[in-house]
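For reference, chains read A, B and C in written order, and residue numbers begin at 1 within each chain.
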Amino acid sequence: MDKFVALTASGIAYGAVLAVVALGFLVLYKATGVVNFAHGDLVTLGAYLAVWTTTSLGLPTVPGYLAAIALMGLVGVAIERVAYAPLRSRPPMVVVIATLAAAIVIRGIIAVWQGSEPKTLAGPVGNRVVHIAGAAIAEQRLLITGVAAVAVLALLFVFQRTPYGRQVRALAADPEMARLTGVRTRLVAMGAFALSAMLAALAGILIAPLGAVDLNFGFGLMVTAFAAAVLGGFGSLGGVVLGALVIGLIQQLFGGYVLPDYAATFPAIVLFLVIAVRPEGLLNLTRSRL
Amino acid sequence: MRTYRTLLAGSVALMAVAACGSGGAGGSSSHAISGPIKLVGLWEVKGESPAAIDDYQNGAALAIEQITAAGGIAGKPVTLDRVPLSPSDPQKATSQFLQGVDKKPTMILGIPAATSVLAAKTQIDRAGIPLLATSSTTTPIRFGGPGGSKWLWLLQSYDGYKDQAAVKYATETLKASKIGLTGTSESYGTTNIADLTTALQAKSLKPFAVSKYAPNATDVTPTVLAMKGADAVITFAYPVPLAVQLRQFTQNGLNIPTIGSSSTNIAVQYKMVSGDPLKNVYSVVSCDPTQGSQRQLAKDFGTAYQQKYGTVPTDLAADAYDAVWVAKAAIEKAGSTDPAAINKAMAEVTVTDKVVCSDGYHADGAHVLSHDVSVDKFATAGTTQEIQKYTFPVQDAVK
Amino acid sequence: MLSIDGLDVRYGTTHAVRGICLEVADGEAVALLGPNGAGKTSTLRAISRLVPSTGSVVFDGQDLAKVPAENVARLGLIHVPEGRHVFGDLTVHENLQIGTTARRGRRSEFGFDEVYDLFPALVPLRGRLGFALSGGEQQMVAIGRALVAAPRLLLIDEPSLGLAPIVADAVASALVEVRSRTALLVIEQNVHLAVRVCQRAAVLSGGVVVLEAPAAQLHDRGELLASYLGQSRTGTGA
């Protein structure tokens, strides 16, 4: 029983972070049609910025985190200006390749700035543990789950209830018609880049205190989150959250009970299965934008 | 540290390098030592690639400084030149090695990754200049193996000896019989787990449990729960998930002795893990150049290094330092700058003067110079104490 | 209000609109008639800056040549495109809400309530998603979405296309109501509907204006019109 509780708790916490990563991915995709393969490196950069604000700048943990997230908003805008705006009228494949280039540039900048040695990010709750039904669960995992849940709900609210959210959804459904209703696509895109980068930073900051931050930190997370997004239909926000939780739980429970050596490959297997069973989700990206 | 750099280079698929006949140095006439002696280090300094570090250059420069102060090599001045060679880019190793050759050195030192050594094999054969590699000593690059060369010498102890040392320490000193194995689910973790399993079988034991996790894992709960009931755990993992594992053991109230690789030293050095999770943690390393070492020479090196660079040396710095001293001994034994004579001396010389990571470097039939493995014990403050040293047998050339 | 002079639209080697000139005065309703491929839709898309064009398009004294499409809408030149383009994943009400994006502080003749008054059929459908609507309902949403933007000139492309006659009639009645409050430029195949809504008509064929006349006179020129429109019957009430 305690084993089941421990595995479930860690699966939910992992799924919650995946959801935040996947939503950041999706927000940008909906607003601009861009599949941003630099998203994982934005996760990495967000965590490094938090390390910088809390150690080099000496800010307390939570204000340091918030400062890092705010900075990432600016980074998102900068990426929009430099890597996306000039390519706006180019074919999607060109833009996707540009995001790969952006990923490499971001990684290079981090390496020059922070070096290649892994960094640690202090968590607000340290190494404390709570016991639930006999299972030891790190408080950081509960914190992750709580903060991620708040972020997801806030994002759902923005999408469903605010003019900005409506504009993003309109843009996702029919970009030309959105322009005809006066939606400023460039501003919305810029906002989406900022929001997406901030969500990436949040995910990085949530999970970094559990391990350490290095240059490859966010990439693996992005790949798994991509699987979650595909599992969730690569469209509805709710579906993506569900997909993320399913992947998190499968990885922990299946990994804990059935095939421990292969836990890391489950997201990729899920990705293949989803593509095989319902390929329309991936092969027809432009039409399934919402 | 060494492990981590090597890991960065890891899993790069290499094409088999077709063996070309070794051309030799081609007509270089044998002369007694004259003029300055030039050594070339094949390693990077910070800024040359994302993974670049200063440790190798710092260690070698310190040795050159001490040698110069003591009158040089065989009374002649010695210079250290350098060509950047990235541990994570074996595709470039050949051209970088040739750049080193173009500097016409007496000896070449360095190359931080075994995959790079393997990649440069053909050119190493052709260049006809003795190369003392500081990479890890994998099977293919030993003399007689597909990447081996009569000109290639390997400073570090055999990789598999660390596995044997871990099993030896767990069974003989810790008296453990239920030994769990954990590691990362890529080549580093899996090959070591296989070797550890073999080493356990040699002592008529089976692993208590085996559990692997992804190199980027931030949650290893399944592994931690699988180890419940073991009386020792041996772990060959990347530093980041290793730190997670150590912390999660403590969080789950488990205090099982854990023997890690040098990843443990990296994880501690970069403060990924500290305090309570370090109770009962050991590591098997080829070298501990800190004040916790049992060797006075290692302590001396650590002091000098700390004074010059302001940081505690890593084993990588100690390797480069030792490589320079081994080169000095070989050149002096050859009494010549003739490459063939130096290469012959490399096979014969025994080096105990000044060196940090071995009680005595002496090449065996596989061209491997060290056979020593140390066991470190960690204090919760993060310092290490070398508590055990093993010297393993010499081996013959790979057949 | 809207003044088009020498408008040319090319798609690759296709010359869709060949130097047309057209005026829409304040409060006027103008129909743009013509057979398929005459260049009607291209003209509207050029006015809204959805396709590149040469020649001048001046709206309320401002040259639109360098104005992006979203800002054209924000000036009050609102385009209801062919095929309605209701946002399928937004509800009826959200579709109306997004229409206000282009309002920019102009006083609107139509708020949400006025739209629901104009199209009572939409009232029970407020929360329904766009893709679940019938063609007629979508057309009502598309027009309503344009009306809440406080249009000063509405461009409407084929409002009756594909609608059952009774639904087309309801749409036409609404447009008659709209006409009294805002200027209109309507593309319509159904000459009967066009004449009912508009005071004036321009007939396009082969990318040029071939006939311009007050709507009332179209009845008298039925035969000529039929030849241009390529129809045996013009639907003018034979």
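The rule is simple: contacts are C-beta pairs under 8 Å (C-beta built on N, C-alpha and C of every residue); 3 or more make two chains touch, one makes a residue touch a chain.
In this text, all values refer to a predicted model and were calculated from it rather than measured experimentally.
The touch graph of these protein chains is an open line. Greatest centre-to-centre distance from chain B is found for C, with centres as Cα means. With centres computed from Cα atoms alone, the innermost chain of the structure is A.
Note: centroid distance chain A to chain B, computed from Cα atoms, is 37 Å.
Centroids of chain A and chain C (each the mean of its C-alpha atoms) stand 43 Å apart.
If each chain is reduced to the centroid of its CA atoms, chain B and chain C end up 77 Å from each other. The residues of chain B lying in touch with chain A in their complex are 8, 46-47, 50-53, 185, 210-219, 221-223, 225-226, 239-241, 243-244, 247-248, 250-253, 266-267, 270-272, 275-277. On the side of chain A, the complex with chain C involves touching residues 163, 166-167, 169-170, 172-174, 176-185, 290. Of all residues in chain A, only 3, 6-7, 10, 13-14, 107-108, 111-112, 115-120, 127, 129, 136, 138, 141, 207, 210-212, 214-217, 219-221, 252, 255-256, 260-261, 263-264 touch chain B in the complex they form. The touching residues of chain C, counted against chain A in their complex, run 48, 50, 68-71, 73-74, 78-79, 81, 85, 87-90, 94, 97-99, 101-104, 130, 145, 149.
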